[in-house]
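Here the chain labels run A, B, C and D in written order, and each chain numbers its own residues starting at 1.
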Amino acid sequence: MDDFSAYTQSTQQVSLKSGTTAVLIVDMLHDFCDPAGAMCLPGAERLYPIQNDLIQSARASGMMIGWIVDAHRPGLRRDREFLKRAQHCLEGTSGINVMPQLDKQNDDFVFIKRRYSAFFGTDLDLTLKDNLIDTLIVFGVVTNICVRSTVHDAFFNGYQVVVPSDACAATGPREQESSLYDIATHFGVVAESQDVLDHLAGKGPLKIWEPKE
Amino acid sequence: MDDFSAYTQSTQQVSLKSGTTAVLIVDMLHDFCDPAGAMCLPGAERLYPIQNDLIQSARASGMMIGWIVDAHRPGLRRDREFLKRAQHCLEGTSGINVMPQLDKQNDDFVFIKRRYSAFFGTDLDLTLKDNLIDTLIVFGVVTNICVRSTVHDAFFNGYQVVVPSDACAATGPREQESSLYDIATHFGVVAESQDVLDHLAGKGPLKIWEPKE
Amino acid sequence: MDDFSAYTQSTQQVSLKSGTTAVLIVDMLHDFCDPAGAMCLPGAERLYPIQNDLIQSARASGMMIGWIVDAHRPGLRRDREFLKRAQHCLEGTSGINVMPQLDKQNDDFVFIKRRYSAFFGTDLDLTLKDNLIDTLIVFGVVTNICVRSTVHDAFFNGYQVVVPSDACAATGPREQESSLYDIATHFGVVAESQDVLDHLAGKGPLKIWEPKE
Amino acid sequence: MDDFSAYTQSTQQVSLKSGTTAVLIVDMLHDFCDPAGAMCLPGAERLYPIQNDLIQSARASGMMIGWIVDAHRPGLRRDREFLKRAQHCLEGTSGINVMPQLDKQNDDFVFIKRRYSAFFGTDLDLTLKDNLIDTLIVFGVVTNICVRSTVHDAFFNGYQVVVPSDACAATGPREQESSLYDIATHFGVVAESQDVLDHLAGKGPLKIWEPKE
């Protein structure tokens, strides 16, 4: 079918201000990223230096840093997610630990989620609003499920969203391209990590990725 | 990257019972489907006979029928969706009319939505629960945005979801395949419309689509 | 038991700015206010002049006006509210009409609700945010159920709330006093209508009601 | 004004089944119950034996037990609740500990909340639904704020609610009576703790409190 991007507003500009922007790092956890994890995405290790650059640049500018942690309560009679997916990220196991290669600090925020979206059944929205945040930089794994679900709800709840494409990994190349295309045309802004870093370093407006079918 | 579908539970069975299943037809509206509409998806007309077969079969079995209608309030200071997309589906215009080719009846339910998801900021969840529904058959346009966003929230809210693949259209072939893959592996069940019809006609268990990368 | 109001912050100041304040008039409907209605609160007519003064003053200053309309879908298998309360305010009946004595204009906003709170299962929050509103003036019937439930959710969602006490009526004098006390100490600010009008007319800071046990 | 209870359905019956009922104990925390706490309600100690009887009887019958814990993130730029109330229940302090006099077990569920309602911005609803719960026994402090706000949202989300009146304490006698009246007429069922215990012990239908103005 035809190209919907023709109808996309081309004028959207996003300016990342330290006092009103938060970085959300989604599900960079042992069970998803470590070869010994319950549901490992091979190759997650290539994301660590890219993500650390973003985190450190954002932290240096005074931005709020939030870690999104998928964690399931053990012993539920019927965890709906486990009807679809193998068991993973149980509370009380090391599966929910953030990968130690990443620069997580004690003062960072942590948000526990039970579903793919970091907004569903969590205090993320109210905490962001109490912290006067209106713009989010979202990345992590996997682009097409938890990152994307979080981006959906961020948009619905009124946040501007920036997704650094190479700081995310999907379950496959088609899913990476397709979810980034959908995000760029309908939910937020996609950019290269280096372009986000350049913008944070004061080198001009954020260079935005052109969605391609 | 690797294949996550290996981690998908293969045991999920869905049985469509008339008393607890609802059909949701998403955004089959003038502005999205008619060549004169504000944001027409070419080729939407091929969906009408397929959708009508599903609607009539479901209605004959006594299932709840719900029409999801994207409708934006005119005159808002800043409609967030119009920051990303060209203006469309304004209340008070014919753009929000359901296409007349479709079998909409007076007793059907109508749900007005303001965002891509039919659950966000609507009475859909409470109405389904007051109507004792736990399973949804969801189709319409576009697969990768409004259908998919609705499927996300249906899953998060605890519903079983069935998506008849050929009763949905995406903004492009990659997006159609990618969203159906994500739905089938993480959010619900994808099936051919004919297989849904056969199951509704009592010809055995629902034949489920195998997700392929 | 003891007085919790000792723990209330005394410093809260509310300034009602036209561009960011909305007036919400709750459930001033035929079924609740007219002697022929399904569930009439005797004496509702004394509220009309007080409410009209507030509405007209707010409208003159350019504030958003929103009418909250309780309306139940007919034919649900189990409307949860009707398990507790006699049937009322059915869609398609005159029971959901706003009382004609009130100054409702065509450009005002209308929000349909299904539960006591105007936020639950509605587009109220997203519409207020798209309209850049952060402060609400809430009044109507009944203070202790629908007004109060709406005030709860307004506070939880981050709005400043002002309740003009004499523009609200409860199901009894104890309930009026008790809900206003709870609102004043925990959810927002209570004031006399005349004091709200004086503040809107530029006669100085809003004079706030002192909660009394 | 007049008596709304005339319109209350008198037929509501609640049967407390172990597999589908959960007990929620609200905010029985150091900062609210201990004389050394930040915001102590004098007399909370009289609730402990009553609550323990309910908890132990429910646990013996196999019911889910959930502890609701008000806990605020330190360091937020603007915690909305602290605009209205003195600072209390900060994460990382002993203020959020459940009172040791109460029979809390390791396998019980704990739900952290940030606002008065245990449903707002938490995983309570999804966890209850994953645990197949449709009925709640809710008690704790204070009746007129956190217990009541939780009861509102429980009703809105479709749960049957039973509130054992003498297992709750309000900020004052008028507020205790008024909130119990509102709950009994609009949101759920109020009963004496002994009558709940008798019902759990199989001594017949739950004896329900008659709301009085």
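Here, contacts are C-beta pairs under 8 Å (C-beta built on N, C-alpha and C of every residue); 3 or more make two chains touch, one makes a residue touch a chain.
Nothing here was measured: the structure is a model prediction, and the numbers come from that model.
Chemist: Could you work out how many touching-chain steps separate subunit B from subunit D at minimum?
Modeler: Graph distance in the chain contact network comes out at 1.
Chemist: Roughly how big is the turn, in degrees to the nearest 5, that lines up subunit A with subunit D by CA atoms?
Modeler: When the C-alpha atoms are superposed, subunit A turns by 180 degrees onto subunit D.
Chemist: For subunit B and subunit C, what's the span in angstrom between their mean Cα positions?
Modeler: It comes to 35 Å between the two C-alpha centres.
Chemist: Cα centroid separation between subunit A and subunit C, in whole Å?
Modeler: 38
Chemist: So, what's the distance in Å between the C-alpha centres of subunit B and subunit A?
Modeler: Each chain's C-alpha centroid was found; their separation is 26 Å.
Chemist: Where in subunit B do residues touch at least two different other chains?
Modeler: Residues 80, 115, 120-121, 126, 129-130, 156, 158.
Chemist: Could you list, by residue number, the parts of subunit C that touch subunit A in their complex?
Modeler: Those in contact with subunit A are residues 126, 129-130, 156, 158.
Chemist: Quick check on the complex: what are the subunit B residues that touch subunit A?
Modeler: 1-4, 7-9, 12, 39, 41-43, 80, 82-86, 88, 115-117, 120-121, 142, 144-145, 149, 152, 155-156, 158, 169-175, 177-179, 181-182, 185-188, 213
Chemist: Which of the residues in subunit C end up touching subunit B in this complex?
Modeler: 73, 75-80, 107, 109, 112, 114-115, 120-127, 129-132
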